[in-house]
């Protein structure tokens, strides 16, 4: 679109989110929606990240704290279960790790280029509380 | 009136299909979008949204992208409230005239604005909307500073905060004025519902938002929105800062019904000293110098006095 | 869902404000968001009263400032319906930020401006400084010279603005007090005929269409802004003029009243001509006739459409005239008057050898008398006879004190 001329777009700098009729958007999950190329859903901010969250589902209790406190709609929860991270939209803020209540945490931050499988294989053990 | 969305617990809440999208340009760790998500996800009804100029607006509708899955409008810095009020007036007109395209829908009209847009430049517009009692909700994303323009003080900036126009320096401790009591002012419009909310207390917030949506008439919401950039804390700590804000009672959570009936909705089990809240933010760093420590004491006294005042209001049931 | 029709006589005695209010009623405007200011207030009061008496269905939102008035209009228009308001002078100044937003968002709002001077010093009377202030705001601007035209042009404004190929807001100007508060005979349309001319509002990019969510009012920086503004200008230059002509033609067919972007009176063989706007047109027409009796071939050009400026039509109207006066009813603040500049621009690259002089007149409601115009035409004839300007290019007329002439 960066080469679009003045005569090639809608008047009023108006943008549409969906192709065709939106339907029941509040009842339609993102993967089932028909976004236009103008929805930021179709864009990526992955290159903002220095560190990335890695999710280890072995310890997850599906409390959904990460889902509700994620500023970037990047915690993918389906049917009340946390199933992964949307790495196109995650900016690497680390809130999900901070609010994760499990021990050990089910989410941890690693350098962007770290290998996920390796990190999960070397996941820290449960911390014992010091009295 | 449509049926209220059932949100018993967080698991149930997490089945919401967000109508706000990622790859917006808000800073990592920005509380604005957490608040926006909790507001929008509180209902399944259609939405007509507006934003005043500010961080939320410039980060979510930068051509050719929009992060909004519902109709949304931005006009200027001061008039997000009136934009939605105008849309609400049109809705009423077309309803009367039988010209709504989808007459069976129950849209909710919501405007968002920062504290600069709300406490300062858009104050009169919001006051007008509240006074006229449009069927709308106005949500302040209160980060106590003009963050979008780079950190200038607003009338929401509290005493002692260093802002770029009230910088702490060798002879200055930063902002010298009290934060404006926007909740009090808005409630004084005798609107049906006003509430202060915080995104960490999501259940309290969703309950209030739903109450607001169920209310016919103008609703005012003040949401604390810790700003990683201007409050100067690590982006991962946004929720920690929000916890400190609510649990130190710097941001007490309460509601005011019909301008008089005040209910405190959250009483922290362990009240955190204000000092801890201040210490967690770079904008208050200078207060910990010996010559300014008295300000921390005064801060605590102010917070205590306000809490006592809110409790008296609640007890008095007036 | 039912409102009452109003029985009108064929000719009603209305002032410009009431004529405009009647037009808003007959167009069945859905939302009026307004704030009072003299002399435009009776227009929105009129709508409010019609609503109270069940002669119109819609929402009247009495807001807390003119800025909020237009903000509400923008929200309402984006929601998807017919929207109008009215203001003057200081109110327009406060509103002006939002005018650019309305036009940039391509929202077809109709704004009645009852022209009034801008302070300081404070003044409630008619001049064109408010009209001029917003001339580059991207709004179509019509100018009514009398109450009849204030009535007619409102219908035409809705018709043009709401056209899906146009989608650009429109202003209908009328002179403060001289038109707005002067009652004259106004030929009316019956309610059905009037509404039939503008038709049902056809929504476009409407926020209330929940099946097609839309984002209005985006941010565009250096990579997009220019293209959007270019589009706006292109449509004003290439689409709007033809749509205006079409609306004028249709209106003439319906009512017999003919409008032109550039109104010409006694111009066929004119040697000298006055170009002006508002109520001055009628005064100039009367004087031109009297001058003709004295042997001076005088004519008058009235600017009916101030934006988009009818550049070519003006050039055409003036091409054979020997001396022309551009009458600007606004203090130009350190340059030639706006009409002077527009006319000069329209003729500059033509073969016209026309002598152009500018006159600043009527500020703050100061009368433009017939005597002023007699002197002016006499001056123009002298210029024409001499084949050169005998006066400075810019003169003030009707002001006390030593003669003011510049350039």
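Order of writing sets the chain letters: A, B and C. Residues in each chain are counted from 1.
In this text, a contact is a pair of C-beta atoms (placed from the backbone, for glycine too) under 8 Å apart; a residue touches a chain by one contact, two chains touch by 3 or more.
For clarity, every value in this text was computed on a predicted model and none was experimentally measured.
**Student:** Counting C-beta pairs in contact, does A-B beat A-C or the other way around?
**Tutor:** A-B
**Student:** Would you identify the chain whose C-alpha centroid lies closest to the centroid of all protein C-alpha atoms displayed?
**Tutor:** B
**Student:** Which chain's mean C-alpha position is the greatest distance from chain C's?
**Tutor:** A
**Student:** At what distance in angstrom does the C-alpha mean of chain C lie from that of chain B?
**Tutor:** The answer is 43 Å.
**Student:** Nearest whole angstrom, what separates the Cα centre of chain A from the Cα centre of chain B?
**Tutor:** Going by mean C-alpha positions, chain A sits 24 Å from chain B.
**Student:** Suppose each chain is reduced to the average of its Cα coordinates; what separation in Å results between chain A and chain C?
**Tutor:** 53
**Student:** Counting only residues that touch at least 2 other chains, which ones in chain C make the list?
**Tutor:** As it turns out, chain C has residues touching two or more other chains at 210-211, 213-218, 220, 224.
**Student:** Can you list the chain B residues in contact with two or more other chains?
**Tutor:** Residues 46, 61, 63-64, 66, 68-70 of chain B each touch two or more of the other chains.
**Student:** Counting only residues that touch at least 2 other chains, which ones in chain A make the list?
**Tutor:** 9, 13, 15, 17-18, 22, 25, 38
**Student:** Under the touch definition given earlier, write down the residues of chain A that touch chain C in their complex.
**Tutor:** Residues of chain A touching chain C: 2, 4-7, 9-18, 21-23, 25, 38.
**Student:** For a test of understanding, state which residues of chain A touch chain B in their complex under the given definition.
**Tutor:** 1, 9, 13, 15, 17-18, 22, 24-30, 33, 37-45, 48, 62-65, 67-74, 77, 79-80, 86, 88-95, 97-99, 109
**Student:** Using the touch definition up top, name the residues of chain C that touch chain B in the complex.
**Tutor:** For chain C paired with chain B, touching residues are 1, 30-31, 33, 57-59, 61-65, 67-68, 71-81, 83, 97-98, 101, 201, 203, 206-211, 213-221, 224.
**Student:** Given the complex with chain A, which residues does chain C contribute to the contact?
**Tutor:** Of all residues in chain C, those touching chain A are 104-107, 167, 205, 210-218, 220, 223-224, 226-228, 230-232, 234-235.
**Student:** Which residues of chain B touch chain C once you look at their complex with the stated criterion?
**Tutor:** Contacts found on chain B: 46, 48, 50, 57-58, 61-64, 66, 68-76, 78-79, 82-94, 96-102, 105, 107, 124-125, 127-128, 131-132.
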